[in-house]
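Letters A, B, C and D mark the chains as written, and numbering starts fresh at 1 in each.
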């Protein structure tokens, strides 16, 4: 039930502990962490810069999270998305879902990522070793991934 | 590419860092953590004891992990399962999958949990507040969950 | 009483990612002329504002819009909008 | 040269969870008589070893088996087995 947009890194273990502390009703916690890879389309990159739309980003993530809460019985959920300049190996995004049983936690985490990828107003720009920047193209497969939730 | 059966607790964040350290080819990390819930079938429990079959447990987990590796392009994976007496809120099991893209990581983590639940030789006994113990029954839904991987 | 939508209105326009880079600014406040009803109408008007706008909106079919921080289609009405954003398909996550 | 499977063989039997509790022991080494070919045959023989075994294997349809640390069906051959385990359906994870 929380959304954070921040430049700072996050600690997955600490976030899980915060969500599950003193709880006795959580049987399953799923986390997804997205990281910057060192190459894109076979070409090395030296950094990735994340631009976003302050205000709309938080609102859209909250809408996506509320939709997940309405579809699955979640005891807790969290979305953290970083902005600014990141390096290969750095964390980009964290999604955590907690439920009594594993299928709800898995499905809700996948749903959050699929929706976040196509709805949250973030844009990635990759920088090559020669300094040139390239905006990342949206992937058709991300749109396709949404269809399974719309049956 | 690792399996651990242990009495000690685990730290999800530390395990992720260990798997992804110095890697630049991992874009997605999924973790599943299973925890002891404070009640079973509506009745409170005070502890849960996990018995296992030393030797076969490790072998079976390694077989399940090898099967996941053969089905999805995983950069790394890890299964940790605890044994002995655990309390409500305690961690039971951790599965981590790392891949270039999110769908492989999600699917492989779900596969590992579905297989582990029906193949790894662990047995749970729950203790009620009055001290009586009750072996947990296997769930038909766990067998059903396997079918999606056998299409 | 709200003003009739044909009246002149002040609206904040925001641009992100390569739309922002091509336009050469992140945001601006503009007076819209009467007669613009939809996002598509607005795009047509914005394109006329100069060569940088024409270049930014050349592939206008791929550009997405949001009104007051909610995604909208190009057929959406801009009536009452205070903030309208234009951007490429999102690539977060 | 291996012994013919009809010869007497020594095998380690292991019991887990409620099978262990009902049998009253976690493991034992037994001499199998000639003529036992499958896991089902072995279960039939084990059940005759005493009332605690009869009670443990009463619901023998739900009891699972492993030979040398691999899951097997009740129709599996026990020929050459060194270690045979009996247990309820697993409930880990």
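Here is the rule we go by: a contact is a pair of C-beta atoms (placed from the backbone, for glycine too) under 8 Å apart; a residue touches a chain by one contact, two chains touch by 3 or more.
Note that this is a predicted model, so its numbers are computed, not measured.
The minimal number of chain-to-chain contact steps leading from chain A to chain C is 1. Inter-chain centre distance (chain A to chain D, centres taken as mean C-alpha positions): 49 Å. A separation of 27 Å divides the Cα centre of chain B from that of chain D. With centres taken as mean Cα positions, chain B sits 23 Å from chain A. Annotation for chain B: residues touching 2 or more other chains are 34, 102, 113.
In chain D, the positions touching at least two other chains are 93.
Applying the touch criterion to all chain pairs gives A-B, A-C, B-D. Chain A meets chain C in the complex at residues 34, 50-53, 55-56, 59-60, 81, 92-93, 113, 116-125, 135-138, 142.
On the chain A side of its complex with chain B, the touching residues are 11-14, 16, 20, 22-39, 88-89, 100, 102-103, 105-106, 109-110, 113, 145.
Considering their complex, residues 14, 16-18, 20, 66, 69-71, 85, 87-93 of chain D touch chain B.
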